[in-house]
Amino acid sequence: MTLTGWTLPQSPTGRSSMLPAPPWHYSGEVIAVDFQADRAKVATYVPDGFTPAGDGSCSFVFCDWASAADNDPRIKADPSKGQYKEAYLVIHGMWGDKRAGRVPFIYVDSELSIVRGLIQGFPKKLGAIHMTRPVEIGKGGSRKEPGEAFRAHVSAHGRRAVDLTVTIDGAREKTYPKGVAAPLVHTRLWPAISGDEPAVHEISRGTIEGFEIGTVWHGSAELEIGVLEHDEIGDLAPVTVGDGWVLSMAFSVTGGTSEPIRQNGATS
Amino acid sequence: MTLTGWTLPQSPTGRSSMLPAPPWHYSGEVIAVDFQADRAKVATYVPDGFTPAGDGSCSFVFCDWASAADNDPRIKADPSKGQYKEAYLVIHGMWGDKRAGRVPFIYVDSELSIVRGLIQGFPKKLGAIHMTRPVEIGKGGSRKEPGEAFRAHVSAHGRRAVDLTVTIDGAREKTYPKGVAAPLVHTRLWPAISGDEPAVHEISRGTIEGFEIGTVWHGSAELEIGVLEHDEIGDLAPVTVGDGWVLSMAFSVTGGTSEPIRQNGATS
Amino acid sequence: MTLTGWTLPQSPTGRSSMLPAPPWHYSGEVIAVDFQADRAKVATYVPDGFTPAGDGSCSFVFCDWASAADNDPRIKADPSKGQYKEAYLVIHGMWGDKRAGRVPFIYVDSELSIVRGLIQGFPKKLGAIHMTRPVEIGKGGSRKEPGEAFRAHVSAHGRRAVDLTVTIDGAREKTYPKGVAAPLVHTRLWPAISGDEPAVHEISRGTIEGFEIGTVWHGSAELEIGVLEHDEIGDLAPVTVGDGWVLSMAFSVTGGTSEPIRQNGATS
Amino acid sequence: MTLTGWTLPQSPTGRSSMLPAPPWHYSGEVIAVDFQADRAKVATYVPDGFTPAGDGSCSFVFCDWASAADNDPRIKADPSKGQYKEAYLVIHGMWGDKRAGRVPFIYVDSELSIVRGLIQGFPKKLGAIHMTRPVEIGKGGSRKEPGEAFRAHVSAHGRRAVDLTVTIDGAREKTYPKGVAAPLVHTRLWPAISGDEPAVHEISRGTIEGFEIGTVWHGSAELEIGVLEHDEIGDLAPVTVGDGWVLSMAFSVTGGTSEPIRQNGATS
């Protein structure tokens, strides 16, 4: 009998796998901010071959995701499986001669997303994430309108990692905020159980299709990045805080490319 | 020094109170279903003075709430404080000569909502609640459109209490689904710490203002109600399942009225 | 048909009630510390009639509880119902001519404990609580032995409220640490839904029987109390940190006594 | 600048890694049961080379772990990092000519444990796990004594996967319950992001040192295995239920061995 499944747990049918192979589809509500961290610190958080922007330019992005997978309809059908919240820091720079982003820290609140992320090279950990959900009627929440505030925060092991408030001042036509526009360069790393060298150590990039954004709202932002016991995200605290953003975003991941990292850190 | 605060914990400023006095404002996204339970069982879950509809008519309502309070801006400002999900069963009937609803079981996923609910007479417990969140772009989730499925489920102590899927077939102009239209009749009950008689035992009704609904989507529904160890909600399992609904809803609670329950169960 | 149950939800059998009337039994593992807070601040957190010790003397107590109830065997039988963790601050002082304690802030991680606490007058909120669990064999954890460290922390809404580490230096025969020895004086407060005066506003004390402690371990302590958005516990941050304690503790609550608080704050 | 860390996230210091390389130490409190599942079903859940016992022999093991790591003292020091609960099914059989176990389903309640498990080949998912914690004094819980009941349950996505109650009848000298005695044979599986063949696909076994058990308590057992939406654990429901066990257990993992799985399923 053959055990099947794209990930563990494998079973005779493959239906117990945490998730199926791509394509995966994502529709999200974003609250984000652009900021500058200490440029010397930023330079220590990127892999060889990635040139950070000289000014310490970063973004922090919160996203409330609904996700689906062509090869497992249960992911879209069950909100406890396919929906989750995500919070990540992006360092802006260049990979070779192309604009790129690097994610040194990212938190999510679902097991599927942790495993799907680690497979792609996102360095995911669990966090408790809360985001202002826009409302359309009544006085219970914030609407996507000038003057309204959208707040998002993430905590890990009971300490606040990031707290962001964006107060909308208006819509921006055809603007793609930096935090969501840059192709990301990841490190896929999976240890061996025997010996010292990792079993997988690669630079990887996702293959993205159908990238789409809804109305983009711009605003002013307040940003706090905390000092944690188990994550060094405090190294990348804001020196200056820039634009805030509230928007919808969607895309599909159809696979990815990867190249091994040689022992000296270079890719082939 | 006087300790202040509408609820515990009290402090010199009152700022540690779980919540302030009303008015409270609510904006929510609803997934709901009308169904019929065993009429004899239904009759055992209503208080004296409440006449259930003769056909066992009930609704089950899931709502993703954003809430605010005039007397504490932190509730709207902090999504971890003011936002939460709720899941409740409504028995339909008459209170005196007026249409009314009675909620025998209700689950929420926030401490503020548990306490605010108990104060009003909602018999709240904690549950793990997941609801399909509508999306506007992309392929990651469901849109509010014919053919799209919205699922919601609630579990308590690790057992599935209710699982509902509504598949939209169209919009309904000026329709107020039963589950959200009936004024609710609650029992406020707070034990004494000394002696046997409760310190508070009242029939209560909230004072609702500004009730508003957005576009109402109608659909077919599938409903499962489970058998739990600590809640008897399984007594009210569906015999027949009727209309499903997906809509936005908003209102304010400005206070309430109450009348003591006499020892024979009657109100004054 | 009569609806029964000591608390909501009521049902024909009473079996859906969050909890039954006392007696309740408790067996716990404690990590605690004595400390002094700012004496002027401490004085603002006690009710009329309670005289705080002049030196700002307080304790902070973490407890991992197993609990049972004579009137509902499911509470002992189901660990998800009867077991929970608790974290509370005690202000030491006098109630009339007797030594007493007052709890201005307390966190728990179970719905049963929140409601049972509010009924007694404990000002409970939900927190995420982690405590070093003692081990008896192996190298995975700490043993109750000199040189071993026991840590406990509690977070609320993703911010660290209290972080305590006790490093054991030895056992203390027949010692009852202050934090667990003082009878507590509570305020029972339950709002009305109509009008401004609370429906219940009383000074209350639990009736405790069978108080028992196991071996008491003494040690040095490190204590951090944080600044939170929704709780003013930061007002009671440590000025000096004293003895740390690790012990087992058990008792029963068989009921309580209460006296109304008059509008001028005095009890009758 | 070199990014370091045994797992993601990598950083200049390596201190943000989810966990360090072994050795890892474990001290746990176990509630377990031996049972027989359908033998034909059992045969479909083992890898090539593993011969299941002919009678469908399995165990289900719950464990409340404290864990430590030589290369990161924060794991022992912070209970929110190193402590967690685990629940797993073991199929008994032979790997070549040696007694062995195979774990087709396992749940834990911590991110560290999920990642540490997947690296070793445990097919971990998140679950909500509750276990009766033994008490030493008072009437709040169960003691390790004849007549006392220890219950454990695990739920995933709000459905009860396994519910176990062991009622102690006595101690067993020098008995190693089957569920904790068998060396485990795992499949390490890590997908590629480009192409179809996995990046890692190996049979692996942990290197265990210092295995130790405390007093072993024997008892009668009741066991329920549920039908879940996302895990096929219901395939291995009990046909007959055997001995129940309550014990302490400890060991260290110092590394492991692995051999690639060839495309035909055989190992080299």
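Going in written order, the chains are labelled A, B, C and D, and every chain counts its residues from 1.
As a working rule, a residue touches a chain if its C-beta (ideal position, glycine included) is under 8 Å from a C-beta of that chain, and two chains touch if they have at least 3 such contacts.
As the structure is a computational prediction, the values presented were derived from the model and not from experiment.
Chain pairs A-C and B-C differ in how many C-beta pairs they share in contact, with the greater number at B-C.
Where the sister copies subunit B and subunit D meet, the same residue numbers recur on both sides for over half of the interface positions.
The distance from the centre of subunit A to the centre of subunit B, with each centre set as the mean of the Cα atoms, comes to 34 Å.
The distance from the centre of subunit A to the centre of subunit C, with each centre set as the mean of the Cα atoms, comes to 40 Å.
Once the centre of each chain is set as its mean CA position, subunit B and subunit C turn out to be 30 Å apart. Residue positions 78, 80, 128, 130, 153, 158 of subunit A are each in touch with at least two other chains. Note for the complex: subunit B touches subunit C at residues 1-3, 5-13, 15-16, 18, 21, 43-48, 74, 78, 80-81, 104-106, 111, 114-115, 118-126, 157-158, 187-194, 196, 199-200, 202, 204, 206, 229-233, 235, 255-258, 265. Contacts from subunit B toward subunit A in the complex involve residues 25-28, 64-68, 76-80, 82-83, 128, 130-133, 135-142, 149, 151-153, 165, 210, 212-214, 248-252.
If you check the complex, the residues on subunit B that touch subunit D are 128, 130, 153-155, 158-160.
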